[in-house]
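You will see chain A twice below: alongside chain B first, and alongside chain C after that.
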Partner chain A sequence: MKLAVTILTIAALASVPLWLRDPYLMNALITTGIFIIGAMSLNLLLGFTGQLSLGHIAFFGIGAYVSALTSLGFDVGLPGGFRIVHEPWPPAVGFVLAIIVAGLCGYLVGLLSFRVRGAYFVIVTISFAEVVRLVALNWVELTQGPLALTNIPSITIGLPALGSLTLRTKLQNYYLVLAVAVATYLLISRLVHSHFGRAMRGLMENETLAVSVGIDVTKTLTLAAVISAGIAGAAGSLYAHYIRIIDPEVFAFINTVTMVIMVITGGKGSLAGPVVGGLIFGLLPVFLRPIMAPEAQWIAYGGVLIVILFVLPRGIVPSLAQRWAKWRSRPHAAGAVSFSERDVKENA
Partner chain B sequence: MGSAATALKVEQVAVRFGGLVALSDMNFTVGEGEIVSLIGPNGAGKTTAFNVMTGFLDPTHGCVSYRGTALNGLKPHQIADLGLIRTFQRTSVFPNDTVYDNLLVGLHRQGRVGLFEAILGLPRARSSERRLRERASELVEWVGLARRAHDLAGSLSYGEQRLVGVALALAAEPSMLLLDEPVSGMNASETHTFVQLIRNIRDRGVTILLVEHDMPMVMSVSDRIVVLNYGRIIAEGPPDVIRNDPAVIEAYLGQGASRA
Partner chain C sequence: MSEFLQHLINMLVLGGTYALLGIGLTLIFGIMNVVNFTHGVLYTFGAYVMFIVVHQLGVNFFVALPLAVVAGWLLGAAIELTLLRPLRGSDIDTTMLVMIGAWIAMQSGTLWIWGGVAKSVSTPFPEAPLVLGPVSVSWLRLFVLAAAALLIVVTYLLINRTKLGCAMRATFQDQDTASLMGVNVDLIYTSTFAIGSSLAAAAGALLGPVYVIFPQMGDLAAVKAFAIVILGGLGNITGAVIGGFILALAEELGAGYVSSGYRDAMGFLIIIAVLIFKPTGLFARSERVG
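After this line comes the complex of A and B, so read on.
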């Protein structure tokens, strides 16, 4: 049943370019898809370990910059008269490096803050994102600062026997993002259903008890942070090679907030939650734009957010799943009612 | 007693919180395969002693060792890896998971497979997963909660939750089990079943240290009893000796009782 829904959803999403020709909408779907990947990575931390990363965009931005710089090449001077000259490498290598470097950053942030956790983790992640933004803004020699990195090449995929394919069109990028999103979904699904995922859940629900049966807190949480950051880095890399220009604004706090909104409304701790929340809040601005003034769009955006959280406080997917489960157990309830009705008749 | 090897050894352990002495110069041992109870009035330091033995609290002074390994400075999960597993007085379950899933979390130590094996779903990870599920079903059956297996642990009665807590600890494959007031909140028949359970666990070769207030239960199940008062051991011996020890009677009933 669950598998069928998953396959149908993937099939439906894969069919979109066949009937949707509007390039503006395609563009919105691609960027939404990239943000959904980011939201899924955030959900791994927030929904499955209970740790809120309010600087999650840092890993996304680091992935974007690493991937862009790997494929553009750079020439920077370091203190002490050293120079690092890097010749451009294929974007696919940048994609892999983005995951590795972002994952390493996740490791460092996790190691620093998981000794104390909770509010401290939130603060460390916010600070980390701000520091990274300032570096991107001020290390002009490497990042071009506010002038932005431009002309980032599109991703090229080497296909055996078919030669290589450069993904320039929206159609190609749509399928690339969809493929990475599906892979991410599978990875997180496998992870949370393995004993790693159970260790995470255990720690979130009752840390003392989890520790007493042999679960290593620091190791488990750091692992979640590394994987989460690595996925965010992959999303950032896709973003850089699709948009083909990035500047330090990518680190803006609002981007983290967008991901948090996608996770919370969709349902944290549910695999499909960030996808549902992401589609709603990724595409909402697209539909509001033609009918509203810019200021009104933000008000409507906030309104939708409040309504969802008011009606379905645990998030769309968990709340609906709960109602569905209740509805399914109704036949028993109905049986009990008819039984008592018969009793009444017999007594009468 | 009669057991040859020492499992747990507590030597000169003292715990002070600022000026408050929670434990002072505590010395006792538990032999392999023994059932030992640690009793004493409220505030005597029983739970503090448990916390020291399982790494949740560092002693101010002294040393605890298990099967020859000093536990000082080890984290709780490392002590669990030595086979020393505890239960808790209050928070004994993962309330938002089913009983069955609780036990799967408890089986963490048995299910360690590589990260990539787990993510890629390689055969070793899958067969390990299958083994864990079988083991969880066995355990749920063994503690008599099979029909509650798919209910949320938080929705169970207090007594049933204590059973889940014990099953969780058993899932971690202990060689020694520390039970912190396991029968508090249980009715007489639940307690009776629980005593049987403890004996069964011991017969599987698990050493047991018990903190408990229910005296009839302690007297019936223990091989040996250690009595704490104000952080000090005031008596130690088999149930019959403890029952008639004047110091123990005084600690529980006040001075007048021992004179009378």
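After this line comes the complex of A and C, so read on.
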């Protein structure tokens, strides 16, 4: 049942370019897809370990900058008279490096901040993102500062029979983003249902109990942060090579907030949550644009976030899943209810 | 040397308003356990009230200042009553996200109504600065320092010498026991949020005329307030005052001797450093207000 829904959704999304010809909408779908990948990575931390990272855009932006600089090349001086000269490499290498470097940053932030939890973790992650933004803004020799990195090449992929293909059009980028999004979804799905995933959720629900049965807190949480940051870096790389221009504004706090809204409204801790929330909030501006000024759109954005937290505090997908389960199990009381309760049954 | 003295003078002026911001946030964060993302908006709000009252209503500068404080108090009470009271008892992430929603909506509202162009608030102070030997300081900045110092003292007395302050400290230490002793906890929460908000608005109303005012001015102010609170320890008013001056000193020295581009990075670096080495803050005795 679940598999059928997943396959049907992927098929429906894959068919979109066949009937949708509007380039503006295609563009919105591609950037939304990239942000959904970011939101899925955020959900891994927020939904499955309970740690709210409000600096998540840092990993996204680091991925974007690493990937762009790898494929553009750079020449910077370091203190002490050293110079690093880097010749341009193919964007695909940049994509891989983006994941690695973002993952390493995730490791550092994970190590530092899992010493502090809750509100302090949130503030550390915000601070980390702001420091990275200020470095991107002020290290002009490397990043061009506010002048932005321009002319970032599109991703080229080597195909066995057809030679190499450079992904320039919206259609090609749409399928690239869709492929990475599906891969991310499957990866997170596997992770969550593995031993590691149960360890994460165990920590979230009852840390003392989880520790008492031998779960290593630091290792589990740091690994989750590394994987989450790596995926966000991949999304950033896709963004850089699609938009082809990157400036320090990519680190803006509002971009993190957008991802958080996608996760919370869709339903944190649910695999499909970020996808549903992402489609709603990624495409909401498209429909609001003709009827509202941009500032009014943001007011609506903030308002919708508040309303959803009040009305559906658990998010759209878990709430609907609960209704559906209730409706299906009307004659008999047994039936899957909530995420955690179902897991208790599975593990029992 | 004279350059260093000048940095110290600037530090005093900045530090006073930072301390106001920090005290407001440390009360809210410490007593209510709410990560208040609207703190920066209240700062912006105070500055815009000054602009409206002085320029659009033509009221005297010195009358406008208390009006801004009162307006901040009212807006803070309204936010607490509509958004936070119904969510009492829900987890810290939920209230934080609701505060983020309120912050986005209010900041965009400011942008919508007054536009993104920076505005300046005119003041009755002379242009020529006061020159004291090698250093100079404008009369406006001196006034800002004096007003901030006055507000800090008033808040300190309010927390430590009045019945309301006593009830606030009791609520911070143990909410249930305070409630059993007849403290109206709901009223304390609303008062705390309103007082904290009015202090943020006061900081904005004082610092707005020194610089220029624009809708996003509060974003950095909010993060700086968080840095001050973490530096001084949760709920610690004296810590917040000292933290405000330390942050101002770090910014002045960072901007003067490292690079002006990294001035605003100082707050974030302080947050990260404090949380790594001394997560309870520099002045934490025990967790209490005052």
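Just so we're on the same page, the second predicted complex is superposed on the first by the 321 of 348 C-alpha atoms of A that agree within 3 Å, B and C clash if a C-alpha of one lies under 4 Å from a C-alpha of the other, contacts with A are read in each partner's own complex, and residues count from 1 in each chain.
As a convention for this text, a contact is a pair of C-beta atoms (placed from the backbone, for glycine too) under 8 Å apart; a residue touches a chain by one contact, two chains touch by 3 or more.
All of these numbers come straight from a predicted model, not from anything done at the bench.
Visitor: Tell me the contact category for A:E295 with respect to chain B and chain C: first, second, both or neither.
Guide: Touch status of A:E295: second partner only.
Visitor: When both complexes are superposed, which of chain B and chain C contacts more residues belonging to chain A?
Guide: When the residues of chain A touched by each partner are counted, C comes out ahead.
Visitor: Thinking of the overlay built on chain A, is A:A179 touched by chain B (first), by chain C (second), by both, or by neither?
Guide: neither
Visitor: Is A:V131 touching anything from chain B or chain C once the two structures are fitted on A? First, second, both or neither.
Guide: Touch partner of A:V131: chain C, not chain B.
Visitor: Figure out whether A:I245 sits in contact with chain B (first) or chain C (second), or with both, or with neither.
Guide: Once the two structures are laid over each other on A, A:I245 reaches no partner at all.
Visitor: Mind working out whether A:L20 is in touch with chain B, chain C, both or neither, as first, second, both or neither?
Guide: Touch partners of A:L20: none, neither chain B nor chain C.
Visitor: Of the partners chain B and chain C, which touch A:R201 in the superposed model: first, second, both, neither?
Guide: first
Visitor: Between chain B (first) and chain C (second), which does A:Y120 come into contact with in this model arrangement: first, second, both, or neither?
Guide: Second partner only.
Visitor: Regarding the shared-chain residue A:I84, is it in contact with chain B (first), chain C (second), both, or neither?
Guide: Neither chain B nor chain C is touched by A:I84.
Visitor: Taking the contacts chain A makes with chain B in one complex and with chain C in the other, which residues are shared?
Guide: No residue of chain A touches both chain B and chain C.
Visitor: Under the touch definition given earlier, write down the residues of chain A that touch chain B in their complex.
Guide: 187, 190-191, 194-196, 198-199, 201-202, 205-206, 208-217, 223
Visitor: Which bits of chain A are touching chain C when the two form their complex?
Guide: 52, 112-113, 115-116, 118-120, 122-124, 126-128, 130-131, 134-135, 137-138, 253-254, 257, 260, 264, 293, 295-299, 301-306, 309-310, 313
Visitor: In their shared complex, at which residues does chain C touch chain A?
Guide: By the definition above, chain C touches chain A via 29, 33, 35, 83, 86-87, 90, 92-94, 96-98, 100-109, 111-112, 219, 223, 226-227, 230, 259, 261-262, 264-265, 267-269, 271-272, 275-276, 279.
Visitor: Chain A touches which residues of chain B in the complex?
Guide: It is residues 54, 56, 75-77, 80-81, 85-88, 91-97, 101, 104-109, 111-113, 115, 118-121, 125, 129, 132, 168-169, 171-172 of chain B that touch chain A.
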